[in-house]
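First chain written, first letter: the chains are A, B and C, and each begins at residue 1.
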Amino acid sequence: MTGLRILLGAAILGGLGAAAPFTPLWLISLVTLAMSTGLVVCGLIILWRGGLVPFGQALFFATGAYTVALSGRWFGVTDAFLLIALAVIMAVLVAFVVGFLLAQYREIFFAMLSLALSMILYGVLVKSETLGSTDGINVAQASFFGMMPRGPGYTFALFWLALGMVFAAWVGVSAYLGSVAGQLAGAIRDNEIRVEYLGISVTRLVHLKLTISAALAGAGGALAALSISHVDPQMAYWTTSGGFVFVTILAGAASVPAAFLGALLFEIVRTIAVALLPGGWQLILGSVLLLTILFVPEGLGSLMIRKRVTVSGREAA
Amino acid sequence: MQRTSPRACLARKVSAALLFAALPIAAVAQTAAPAAAPVNLGIVSFLTGPAAGPFGIPGRNSAEIMIEMLNAGKVPAPYATVGLAGAKITPKYVDEAGSTANQVTEFRNLVQRDGMNAIVGYISSGNCLAVAPVAEELKALTVFWDCGTPRIFEERPLKYVFRATPHATMDNVAAARYVLKKFPDLASFSGINQNYAWGQDSWRDFVAAMKALAPKATVDKELLPKLFAGEFGAEISALLTTNSKVVHSSFWNGDLESFIVQSSARGLPARSTMVYTAGETAMFRLGAKIPDGTIIGARGPHGVMAPDTPLNKWFRQVYEDRFATAPTYPAYHMAQSILGLKSAWEKAAAAKGGQQPAIDDVIKAFEGLEFEGPSARIRMAIGNGHQGIADIAYGSFRFNKAENKAEIVDIVRYPAECVNPPANMTSTAWLEAGMPGAKCN
Amino acid sequence: MITVIAIVTDGLVYAAWLFVVAIGLTLIFGVMKILNVAHGAFYAFGAYAAATAIGLYFDRGWPVAGGYLAIATAAVAIGLVMGYILERVFLRRVYGRDEVVVVLITYALFLILEDVLILIWGTDGRSAYQPYTEAGSFTVGGLPLSVYDIGLVGFAGLLAIASALTIKRTTFGRLLTAVIYDRETAAAFGVNVTRVYTVTFLIGAVLGALGGALTAPKISVTPGIGVEVIVLAFAVVAIGGMGSMEGALVGALIVGLFRAGAVHLIPQLELFSIYAVMALVLVFRPQGLFSRVQPRKI
């Protein structure tokens, strides 16, 4: 990843940030929420390149979201940056611990075990009546540098925060994917044993990937919690995880920006479907997924990449 | 003034007479004139998923028919005026299925993108809790129509959110009172409730009310199966091994019907009387499958327990004519929420001399409002005037074989103050204190 | 004592249901390596078809015994139709693609079918209780039991025996075993793998629909019943070992008895029981209880 592309990315995101005051508020909220999904999907891309698809990424997503809600409720933390940092730390901790177990597994077993773990968190949350059980709890309004913007100001602040997180995730994940550990993902996917013969511990690599993806999922959960102002156990349910995998398929594992565009597209398709066919929006959503898999097998990101390859003749990171 | 010929004078008299006769029509026509822009009303309800059949669709249907009749000015007094203070209502229906994130997004879309003037929505308590802060942030008048959790106004005061439908504490307090009327010497009871917020809250409230009213009665079995489990064999066995005379359940929809059928097949009703706090939605569908004597609630004095007022008669009539089925309590909840909004709207309009009110005026008018629902008088008495209370009724099920009709007999009506906490107490605190200040006569 | 009887019978009844639901899933996975999320849709459609069939049948006042035949016919018919369409139109295009991609195809199909279900049958629940209530009940040690439930246990037992015999004794069973062990080698030996796939998927679909159809008389058939079943069936299959028939049986028994025990003794644990068992089993036997050692390809 070159300095030029970082600059370009920063310029695009900065432009988006500057355009915010001239954009309808509902669209800004929608984009903010899509960015939170995009962050989780970024993490899924890291795993997917290594041939791993978790059906339980909602575990880390919900951990991040509940960390934000409870830090506010129990310890009175309101600073948005601190809340997100706490959420990431908690998600990383959880991933580090369950990673010792999960990193032993591959393929469908990895998917199933991560699903089981997230469903256990779901069960615990449903059982916690002090946390509102399935009704969940509200998230207190966050502050930014000691300021408490109200109304549209809060929406803008969250949007700019989201853009900042997207930028950080984009730079960070691109750097990781370009590193040796990141490049080994394809090798792990193709043939793990050969990688082991190179003297590299695949289990530890997978553990690392899982932890990074959990950090991103935790950040996504934190952003979602702030932007929805509410958390509930549904965030840990398997359908939430399914939604993340859905977007990953839509976006493809080819590039990081595609994760965010895919998430945005997903959110837009969903909201249009709900408006168009209130009683049958799942039908539209399912059809979009089906058509994507059948006709754009590498995801929408692959369309962008293909173009770029023909222009610059170089593979994108 | 011009001088006029006698003929012209006659013509003017005739036309004046005609005009006079047409005045009521003209008045209606005038208020419906393009001068009053239509009011955009977002209606959110489950259109898909398990809650659609028993709650979402009856609610949606009720909204459809109420809005249509209000726009035509066909609702009986005191609601005979067109729309909301003369402005016709344009509804937009949204599905409540999907995550809370989706609901919050769609709520923002309704307010900020689609320019809704007010929202009447939400069955799920989780969605109500999630939407409430957003409604405040967007300053959007929102009327929750079916969700039951008392937490909405107890956690913090809200300005833009109202709920005409009483909260769920009342259902279980009244259930306890009714049970003890039927079984004054009850030694022990059990409960089977779905393992999510609604089930847990219902059971907790019922136990607390029983503790206050009959301290000697003990809890035998406390079962909380997974929501939508469908299969209750083990739970039924567990209940069969107890000596509970009464089993409390807040089941609804599929779980309710499955449980009734499975427990009847295994003879549970012969040993214990079942109390279904939300049983009314199933009584017509199951009919004779429900054992006689089962205690049934309707989250208010709705459905067959509703009094025989002209408004109620009219409501049942139009609803049955359109949808070929009797309105169950969700239909009543929706109707009373829309009528509450209309009452507030028109009270605010009257204060402004008949002009369309601003949202802040409507809110001021809604606070502490009293109005007639199809089944009960609703008083926005608690939650700083944002939460309605009303009477509630409980009764016992009986299947009338002669007429092949499901009936409710032994109906007892409890006044609102008998089963609701006072304005200055949360429902949990009120129950724990032994329900002080309850006025039951 | 009565509690022990209750735990065992409740556990067996629940296990029987789980087994019928899970066996189709594990069969499809074993042979085709497809984790079929649309299995939940087979279940739901089977339940709706059976409810409709039972309704039509009993409306005519025909004898009760034939009602059971109506259930079976409805399940087989809808299973065959759906299985055929799904396999021919969608899955055949993606054989050989990444396992996870195929899972997502079935996920997409599931989402679509959930709404198609509402389009066909509406959002109101359907009920068809006659076969369940007419079967009656009897008492064991003071505990009333439903004849239908016990019949379900018998049916599950027969199904287990029949599937074991089919695999071990018939030509098709041997073909299946060959494909399960090594698809490419089987193809090289002249096995028509595509046909084996089609037949397997049809059988799996019919079994899924049968699971729903047999449950229909006990429950109110409502939209969304498929979602609940998928994860349960996944858990059973994961515990038993993906693709293993005897695994599905043992997995169903473990989950069934564990859950019944939890309900009677520690009701608080009921919600976790299945996932806790699943996580526990996977910790000690990552591939499930009954799974073959996979050859390592270097």
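We take it that a contact is a pair of C-beta atoms (placed from the backbone, for glycine too) under 8 Å apart; a residue touches a chain by one contact, two chains touch by 3 or more.
Model, not experiment: these values are computed from the prediction.
Among the remaining chains, the Cα-based centre furthest from that of chain C is the centre of B. Chains joined by the most contact pairs: B-C.
Mean C-alpha position of chain A lies 39 Å from that of chain B. In terms of their C-alpha centroids, the spacing between chain A and chain C amounts to 33 Å. Listed for chain B are residues 47-48, 195, each touching two or more other chains.
In chain A, the residues touching two or more other chains are 126-127, 239, 279-282. Those residues of chain C in touch with two or more other chains are numbered 114-115, 118, 268, 271.
If you check the complex, the residues on chain A that touch chain C are 53, 101, 104-105, 107-109, 111-113, 115-117, 119-120, 123-124, 126-127, 191, 193-194, 238-239, 242, 245-246, 249, 279-283, 285-287, 289-290, 293-294, 297.
The residues of chain C lying in touch with chain B in their complex are 2-3, 6-7, 9-11, 13-14, 17, 114-115, 118, 122-125, 127, 129, 132-133, 135, 137, 143-146, 148-149, 215, 218-225, 228, 259-260, 263-264, 267-268, 270-271. Every residue of chain B that touches chain C in the complex is listed here, in rising order: 47-50, 52-54, 56-57, 195, 221-226, 228-231, 233-235, 237-238, 240-241, 253-258, 261-262, 264-267, 285-286, 289. Chain A meets chain B in the complex at residues 24-27, 29-30, 33, 126-127, 129, 132-138, 150-151, 154, 224, 228-230, 232, 234-235, 239-240, 267, 270-271, 274-275, 278-282.
The residues of chain C lying in touch with chain A in their complex are 35, 90, 93-94, 97, 99-101, 103-105, 107-112, 114-116, 118-119, 227, 231, 234-235, 238, 242, 268, 271-272, 275-276, 278-279, 282-283, 286-287, 296-298.
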